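Next come two complexes, and both contain chain A; in the first it sits with chain B, in the second with chain C.
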Partner chain A sequence: MLAGIVKRVDPAVLAVFACIVLLLLGGSLYSRNFLSPEYLLQQLNVAAFLGIIASGVMLVVLLGHIDLSMPWVVTIGGMMSTAAAGWGDLGAALAIPFGIVCGLAVGLINGLGVAFLRVPSMIFTLGMNAIAQGLMVLHTSGFAPQDHATRTMHLIAVERSILGIPNALWIWAVVGAAVVILLKRTAFGRRVYAIGNRERAVYLSGVDARRVVVACFAVAGACSAFAGVLLAGYSTKAYQAMGDPYLLPVIAAVVLGGTSILGGRGTYLGTVAGVTLITLLQSILSVVQMPEAGRQITYGALIVAMLLFYGRERLQH
Partner chain B sequence: MKDWNYRLAEQRGLILAIAVFTAMFAFYIAKHPAGLTANVATTAANKGVLLALVGMAQTIPVVTSGLDLSVGMVFVLANCVASKIMTGSPLATAFGALAVLAVGILCGAINGAVVVYGRLQPIIATLATGTIYYGLALALRPAPGGDINTDFADAVSGSLPGGIPASLVLLVGVVAVVWIPYRRSVLGRAAYAVGSSEQAAYMSGVPIATAKFLAYVLAGLFAAIAGLLLTCITYSGEASAAIGGSYTLNSIAAVVIGGTSLFGGSGGAIGSIFGAFVLRTIGDLLFVFDMDALWQPLFLGAVLLVAVSLGSFRLLRIKNRLELYR
Partner chain C sequence: MDDMRVAPLFRMEGVSKRYGGVRALEDARLDCSRGRIHAVLGENGAGKSTLIKIMAGVVQPDSGTMQLAGRPVVFRNPAAATAAGIVCIFQELSLLPDLTVADNIAIANPPRRYGLIDRRAQRRLAEAALARAGAEDIHPLAPVKDLPLSRRQMVEIAKALAQDPKILILDEATSALTAADVAKVFAVLKQLREDGLAIVYISHRMHEIAELADDCTVYRNGGFVATFAAGTKSDEAIVEMIIGREYKSVFPPKPAAKPLGPPALAITELSWAGQLKSISLAIRPGEVVGLGGLDGQGQRELLLALFGVLVGVTGKVEVGGKPVAVASPRAAKANAVGMALIPEDRKTEGLMLPMSVRDNLSFAALERFQQFGLIDRQREAAEIGEVIKLLQIRCDGTDGPVAALSGGNQQKIVIGKWLMTKPEIILLNDPTRGIDVGTKQELYQLLRRLADQGAAILFYSTDYDELIGCCDRVLVLYDGAIARVLEGGEITERNLVASALNLPAAHRHGVPLASVAQAPA
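And now, the complex of A and B:
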């Protein structure tokens, strides 16, 4: 029974879980607080933001594409929702959906550019990132926009309404469940994996592959923007470049979780593990009070080391 | 005669970039209140050459159908190292400059080793090594500052007698001494072969691993030269993630505008130089047209997006829809 489960799970995912346990044990030697439920819940609360972004990015990576517009789409989500909150009661009520829709729109353009114009996703999303940044610079500097999060945004990002578990974690669970059902139980999900393996074959089997690509990018945009909304709620305000520190962690989490960056292979469980691992790693690096420079170096080096350990491509000639 | 057509078609991207740059720059000078003085030329050249060098750095991994997302951070690290060690006597300064270039080569070698021998995807690997280089830069320069031998700096960032910008001469020197010999060498051609088809290159006995490795090493070297030049222009070092990030982004834009395909196997560093000049001249044009500085990031982003989307016109020529898909 156990052996069967172990056999079915990707070795990469097992390795990540092993790393998580090691990190927790190592951390507990440093301070006993590392194993307290309070600390763990707090980490999972922070991990939820990363996890929600990673859910969308993972869909795109499974296609064999990449979404580098993520940093400023997160910022768009945060800034547009807080800006909407400034438009009276109706604006405050619609703040969260408005932020998400703005991200969805950017994602849609990404998808159209990649699927229909056939521009490499890396460069197209990088360009959209620059445009999103340009738009936000215009938005903030012409006049001083409302940048404070609404009461609801704060509620869903920080508080613990049900069973003492952070609301953000519940949201991540819902988003995650939706992605798992999408990937495992729908034709759409099978098409995502198939496109990652060979888009041409998908086209020849009568599927409009381009629509699938557009949809995945749109979902990725919406997820990033939603995380931006939550982050704005978490820190009570939205600010420029709030998404920038998430680019490497998100991609690293997805890739460390065993999703092939070439597409077509990967599980959501792996992404959950990758997100948890990255969050713990960041937390431990800040707990031991290493200066920023040392943290960046250790962080980068650890990611390279972990990738070298098991993220290598097979030799192919 | 047929040969000519072929050669022209191969250089179409480069020719287009040169034409666009010439038109834009002529327009800029015509509009500029001071006209083409040595000062205007030097300022324009310094900005352009900085990005041109980083663009050249990006070109070589892209030709092998890879990517180096750490060029901006190597550039920042070289800037910080230079602001620490390039002071004092001329001899010390010279050794300092060599050390800065060595740092760039070392960074490139690490990237190359991780990508080629570690078999990691270039995007994720260089994103991670870029973080390391940024951390090192931050360790060297927690706050902006530092110093550089002023005579050396002025010589590199000023203008030569006759009003020719010294940085432009530096760029031509780098092209003549490093790029052209590399392009004509076995390993340079191997880089193009690897980018066109790795399998075919392997079957033909092309030294794939060495070619890819050298591509990343040269990228590190070019980025370090750019960092050196930045130090000469600003007289200081700054570990800024924003500068690194924007140079990485713009380097990719310069490569694409210069006619190098992101799928690898075609194009070259000369195109990227003019791609970089085009990008910088757009910024200058916005300035002479009194456009609000706030619009500049949006405008540059739009130009980049339009430039990369122009390649889609090839889709109109596709006869079989199957060719759309990989």
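And now, the complex of A and C:
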């Protein structure tokens, strides 16, 4: 049974899981706390934010595109939800959906630009990132908006309401399950992979690829903004550039998890593995007090190493 | 010179090559001698392309040996083969469109001064090469992208000659050329033969072989069949060697009675961007209608226009008597229209190669399997099983990637994908290119069966024999318009070729067809 499952999983994903185990064992030599449930739950709580962003970004990467607007969409999610919280009781009640809808709107524009205007996603989303940044600066400059997270935002990001498991982790599980069903069981999911492999064949099969592209970017925007809402709840306030440290880890997690950066190939299980590995790596690097510079170099080196790995694999075919 | 005949300049023996599980070439042999043109014949997929790729160092053989002037050689890359004097002109154009003609001709080893490219020397070199190729009319400083296809092919030939080859390989090098250019290229090749080059010439056109070749070698299904001196065998005998059996039995019989009733598809005065000119046609259910003519007379555009791919198509399209507006392939696929298009290039237009047989087969019909937003996998699997059985697709389960299948089976998957949408109008864009004879035959039978079940079929083929064997009616296109409609007994090679050239009927006999015909005899 177990062997059967192992056989079906991409060897690259297995390699990532092996790395996770090695990392934990290696860490436990340094401090026994690394294997304690409390430490692991704490890490998974943090991983959930990364994981929710990665869920959306993965959809876009599967298409063969990329979403570089992610950092400031996260910030939009955080800042818009806290801003809404300042608009009285109704605003506070709608803070979370409002933040998500703002991110969805940016994602929608990304999708329309990429699918209909045919601007390469790398350029278009980078441009949208700059625009989002400008909008947020505009938002904070004239007056001081409310930037404190609501009680609910704090609740879903930090507390452990069910079975002692962080609420953020439950949310990630729900988002993840939805993405898995979307990818594995729906026509939409098949089309996502197909577009990543050969958009022309999709078009000539009588499928409107543009709608799929727009939808994926919109979902990615919503996921990023949702993570921004959670992050604001986690640190009790939203602030400028709060999404910036996530760009590299998110893309690294998706690619490490075996999703081809050229699109068309990848599993959600891989993304989960990639997110977990990146989070643990971050934690361990900070516990052993590796300086920020060393951390950045390690991420970068990891991405390059994995891309090398996939490049090789492709050549053998 | 006699001893040169005995020991050929180049000899290949026992060369084999496999791609995954597919045998591309087995125990291949080829001898080339100075001052001779050696024609390599065979169908698509017979192994010719692999053979010359091995000669040119593009592909490494799994086994076998090659000798050049009596010494064993191994080419690890194309540069090594070029250095040894083997230069290849490939079927796909290899020019860089944004560079000039001179840049392209000298690209492998441009003349340099102080480490920088010496443009004046490069231009002189290009002029000399173009003159040698008989293409003095091409300006060396013109950007390649501004040249028409036939001129580009001439640049390609000049580029090969600039490398001063001992052995020159031409792979379908004339397929993009106009008749006048073909004549020029032939003159150049004959001159090169006089100059003592060994030339390997690959072509599907029998008359070209008859005019040029000194020796012929036939390949079939990746295996060597025979080598013989040109002129020692009849055309029929050669064709039978190429296809490996008698030629007649390939096509299913056509129905005696013409289908009646209203047309499934009727178009009136369809035009597009000056490339389709006021085309009107009607296809009844049960009819197989062919599109003929020289390559590039608007046949592909007509199919794409019908399928909603082209923008700005004018004219009226009626399906089942009702006018329809087909603005996209999605609209063409919709139930109200029920169209399917088997595209020209299955690898880039028909399939997602790394994806599974299942994902590819059900892709166009996924809407039908959706239930509450999810795919009903049982029903999907059942229908896929039926299509695999119907088309006799040879695959190991449905989970493996389509890329692992042979060309013929891949093409069956493209067709199966569309059969799953239950189309009533089937458009086919040269569907038998690059697939083996057996599959071709299955395909011809399938077309007839689909027609008998009530489908209306519009079938473009570059192979005249297919048009003759399969179609109830053939529309011959010339310069974007229907030049002639051939029906029943009128569909003969002679008529097809004559109409393709848009010759008035009275002069048809006086024209030397063989020198300009575009189809294999």
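In this text, the second predicted complex is superposed on the first by the 298 of 317 C-alpha atoms of A that agree within 3 Å, B and C clash if a C-alpha of one lies under 4 Å from a C-alpha of the other, contacts with A are read in each partner's own complex, and residues count from 1 in each chain.
As a working rule, a contact is a pair of C-beta atoms (placed from the backbone, for glycine too) under 8 Å apart; a residue touches a chain by one contact, two chains touch by 3 or more.
The model shown is predicted, which means the values in this text are computed figures rather than measured ones.
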item	value
Touching partner for A:206 - first (chain B), second (chain C), both, neither	second
Touching partner for A:185 - first (chain B), second (chain C), both, neither	second
First, second, both or neither for A:66, with chain B first and chain C second	first
Which of chain B and chain C A:296 touches, first, second, both or neither	first
Chain A: partner with more touched residues, chain B or chain C	B
Which superposed partner A:264 touches (first chain B, second chain C, both, neither)	second
Touching partner for A:151 - first (chain B), second (chain C), both, neither	neither
Partner chain(s) touched by A:198 [first = chain B, second = chain C, both, neither]	both
Which of chain B and chain C A:127 touches, first, second, both or neither	first
Footprint overlap on chain A, where chain B in one structure and chain C in the other make contact	198, 200, 202-204, 317
Residue ranges of chain C in contact with chain A within the complex	307, 309, 328-330, 332-334, 341, 343, 348-355, 359, 363-364, 366-367, 369-370, 373-375, 377, 403, 417, 421
Complex contact set, residues of chain A against chain B	64, 66, 113, 117-120, 122-124, 126-135, 137-138, 141-142, 198-200, 202-204, 209, 241, 244, 247-248, 251-252, 255, 261-262, 291-301, 303-304, 307-308, 311-313, 315, 317
Complex contact set, residues of chain A against chain C	181, 185-187, 190-191, 193-194, 197-198, 200-208, 264-265, 317
Residues of chain B touching chain A in the complex	67, 114, 118-121, 123-125, 127-132, 134-136, 138-139, 142, 198-199, 202, 241-242, 245, 249, 252-253, 256, 262-263, 294-302, 304-305, 308-309, 311-312, 315, 321-322, 324-326
